[in-house]
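The structure under discussion is supplied below as structure tokens; questions concerning it will follow.
Should a chain be cited, it is by its letter among A, B, C and D, assigned in written order, with residues numbered from 1 in that chain.
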Amino acid sequence: MVPAGAPTQKTVESLAKLLDADDAIVDGGNSKWTDDKARSALLRANKVHYVDVGTSGGVWGLEVGYCMMVGGPQRAVRRLAPILDVLAPPTAPDSVAALGDRGWAHFGPSGAGHYVKMVHNAIEYGLMQAYAEGFELFTQSEFELDNAKIAHLWNQGSVIRSWLCELAARAFEEDGNALSSLEGWVEDSGEGRWTLQDAIDHGVPTPALSAALNSRFYSREEGDYSARVLAALRNQFGGHPVRKSGST
Amino acid sequence: MVPAGAPTQKTVESLAKLLDADDAIVDGGNSKWTDDKARSALLRANKVHYVDVGTSGGVWGLEVGYCMMVGGPQRAVRRLAPILDVLAPPTAPDSVAALGDRGWAHFGPSGAGHYVKMVHNAIEYGLMQAYAEGFELFTQSEFELDNAKIAHLWNQGSVIRSWLCELAARAFEEDGNALSSLEGWVEDSGEGRWTLQDAIDHGVPTPALSAALNSRFYSREEGDYSARVLAALRNQFGGHPVRKSGST
Amino acid sequence: MVPAGAPTQKTVESLAKLLDADDAIVDGGNSKWTDDKARSALLRANKVHYVDVGTSGGVWGLEVGYCMMVGGPQRAVRRLAPILDVLAPPTAPDSVAALGDRGWAHFGPSGAGHYVKMVHNAIEYGLMQAYAEGFELFTQSEFELDNAKIAHLWNQGSVIRSWLCELAARAFEEDGNALSSLEGWVEDSGEGRWTLQDAIDHGVPTPALSAALNSRFYSREEGDYSARVLAALRNQFGGHPVRKSGST
Amino acid sequence: MVPAGAPTQKTVESLAKLLDADDAIVDGGNSKWTDDKARSALLRANKVHYVDVGTSGGVWGLEVGYCMMVGGPQRAVRRLAPILDVLAPPTAPDSVAALGDRGWAHFGPSGAGHYVKMVHNAIEYGLMQAYAEGFELFTQSEFELDNAKIAHLWNQGSVIRSWLCELAARAFEEDGNALSSLEGWVEDSGEGRWTLQDAIDHGVPTPALSAALNSRFYSREEGDYSARVLAALRNQFGGHPVRKSGST
């Protein structure tokens, strides 16, 4: 679990020199799936396996187990299974038919695990954004609504109950309805961007995922120049009636 | 629980003639919250109470309890409490501090319950759309991915585990990865539209909720005329080089 | 030309008392078309006509003529024609077949003029937003690009040449590439909102027009609460591993 | 002017073998600007220049001149100037200060021309989409509106007058309000996608440009799988009340 990008690349390159045939490198970080494919091809020359394990669940995984999305060669993944079994949650009864007796899943060759994780994160952005928009509306309502109470209630059997809604309930309860301890500055970690690039490559419309990423850009004051262009144009409509020759 | 709109309005008007002071009408349907306010004002003349109970959970509520978002006068809601207690799920331990010992919540005067339910549904559209976009991406991937397996795995401790993701797992399992038994024609029931109108009224950006509603419009072949306009314009660029006098 | 809303309503009501049968009120402001319909119905009782003239062109209209979109009864519009003829630009040769010899157009009964104007303004928001996004990209480019030069060039025969692009060229030229004299705070005047409400009512997808309005909301720091909700949720994922009983 | 991608790449490679030092290749097609940079680097080894000329204006350019956005080394561009001067329109009086006496512009090293052209096309998509959404609304209006008449009128001095609006007027006039000769199937040529990738790379919010591209994807029935996922989920809410053990 090394930060994605250069640190992972360097680590893989260093390890590559030390490893023997049939050894495996497990990347449990958030690498881009196309990097996995490149690394896997590189290591294959030395018969070293590359296993990508996209991992979700946050710090809570320690309690409830980690959700692990695995890519890599069968042989290496099979050998890794006992470790993954320990880290994963026990399979829910409903999921045994689909997942077998393990709480993790192997999705294909190297890259497949991080691909599924990448889209997972983009969906995560989308879900978060949908809740966030709704909770902002409540702050503007003529009713004096309490977001903690709403989030808690929604986890009582509503269609939109979810772990994120449980976290929202907890956040509102801890910080109060105004969330005043926080600034509205939201980073993104790359997977949302890669997902949108993938969507563009395949011509798949992803307006909600795109909205979620753009809202993070707006939160970081990107878009300010655009807004100044709009202001400048509005200014021009109503501005000094300088003669404009040559216009239609 | 009468369909929203005219049927509810007529029912309320008929009941109004039959009820005595301190009686209450409970609207468990999906009325627009502004209609609740109007009806409540009407009935107040006869001292009849109007209680709006936004209800979520679908047919599954019979098993796990219904999520009920309540608006209306204190007095009438208090009297209704024993019934709501039976219909609601037992309060989750974590939610007792926020909700007390009841699995439902009273949010304010008439209209408040349906207001919270309205936004709930708009969020529901947003969440569904985020998952749907992600699952479509998987169908285009170079990896041969199985959406049932992915949805099941995500419910094993991932950040995006949710009841909707459980339903997705079930849907893919029942119908297969291609969802071939279904057509991509998606209705909307009004709450998403009302939520966006409310967002517009308050100047709250809701790009993800808006994307979700627009995607339903697209699914019903709305937007086709727009697309023909685009095609017509493209045709004009590349079309016969007819002389265009008067253009800039 | 009275500000839309209460000022126009009051003016219409005052005038109504003074006018005789077959007199006409001309509303050249930016009234909501549904208000026009209501006023028209009101005045009809006294046989007074209501003519709505949506007007576009900004302060430049004094030089090039005003674009006028007219609604109201035939009889009253015909009587008004000589005035409109003076205010409108001369009809472009290409447009004579469609518009006749007049540079303005009558679109239907009271409300039709402002309806066409309303959508005009929503499109205006969309066009402005498209340019603004593009110009912001240029400020981030590895090439050292000059937006004034680009905007001027685009007006030299490109597909996206337009009056707005001429105004952009002028704005960049006057204020410099950084537009540093302006703040990125953009008002909206109502028509964009009404158009989106109309689109929602008719189930017409309007993602670009919606994006344009939302970007104005973002420019005014709306959306900040949403962003704090996102930050709060991110904080919860990675936060203190407090035991979360009752979660799935 | 060879189609972008492999055909251009092959042509450049073939020409590279035939050219001498100080010769130049001019790419007047729609290459991706990063390809220009790579080709330029390749050719530099042989001291061959690479000049990218993004060109806009469609078939109408023959009449009014072509809008040309140029990248490449000073020396080669200067030599090419007489040809560009002939192809470009005469500079509008207002633009002489910004552009000098030429109707085309040189924006920087190889790649800069196609970069500006790429964003031009994305803006073009955005403008087209904004108009298209507005014109679709008119088809749903209670007023019987004629899009040809509206488009013609808007070119008479309105804020949204543009060459695209002139083309729209022509298209509606030729094909009638229903645009019945066309199908709502809209291709995209790559630049819109590359622009969005660039926006993602720089963290610039581009919701309107993104909406425009997604609308083209929708027009080609992409998004249908997403819609089936939504339908499947709706079906699950209201479906057979099969016991769902293990759900929250």
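What we mean here is this: a residue touches a chain if its C-beta (ideal position, glycine included) is under 8 Å from a C-beta of that chain, and two chains touch if they have at least 3 such contacts.
Quantities reported herein were computed from a predicted structural model and do not represent experimental measurements.
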Partner chains that chain B and chain C have in common: A, D
Number of steps on the shortest touching-chain route linking chain A and chain C: 1
Most widely separated chain from chain C, with each centre as the mean of CA atoms: A
Copies chain C and chain D touch via same or different residues, half shared test: same
Equivalent-chain rotation between chain D and chain A, CA atoms, steps of 5 degrees: 180
Whole-Å separation of chain centres (CA-atom averages), chain A against chain D: 30
Rounded Å distance, chain A centre to chain B centre (Cα mean): 25
Geometric centre distance via CA averages, chain D-chain B, whole Å: 37
Residues of chain A engaged with two or more neighbouring chains: 58, 60, 64, 92, 94, 129, 131, 133, 136, 155, 159, 161, 163-164, 166, 170, 204-207, 210-211, 214-215, 218, 223, 226, 237, 244, 246-248
Chain B residues within the chain D interface of the complex: 58-60, 62-64, 128-129, 131-133, 135-136, 139, 163-164, 166-168, 170-172, 175, 179, 182-187, 207, 215-216, 218-219, 223-241, 243-244, 247-248
Chain D - residues contacting chain C, complex: 56-58, 60-61, 64-67, 69, 71, 88-89, 91-92, 94-95, 97-99, 103-105, 107-109, 111-112, 115-116, 119-120, 122-127, 129-131, 133-134, 136-138, 140-141, 143-145, 148-150, 152-166, 169-170, 173, 195, 198-199, 202, 204-212, 214-215, 218, 247-248
Chain A residues touching chain D - in the complex, by the definition given at the top: 92-94, 155, 159, 161, 193, 196-197, 200-201, 203-207, 210-211, 213-214, 217-218, 220, 222-223, 226, 237, 244-246, 248
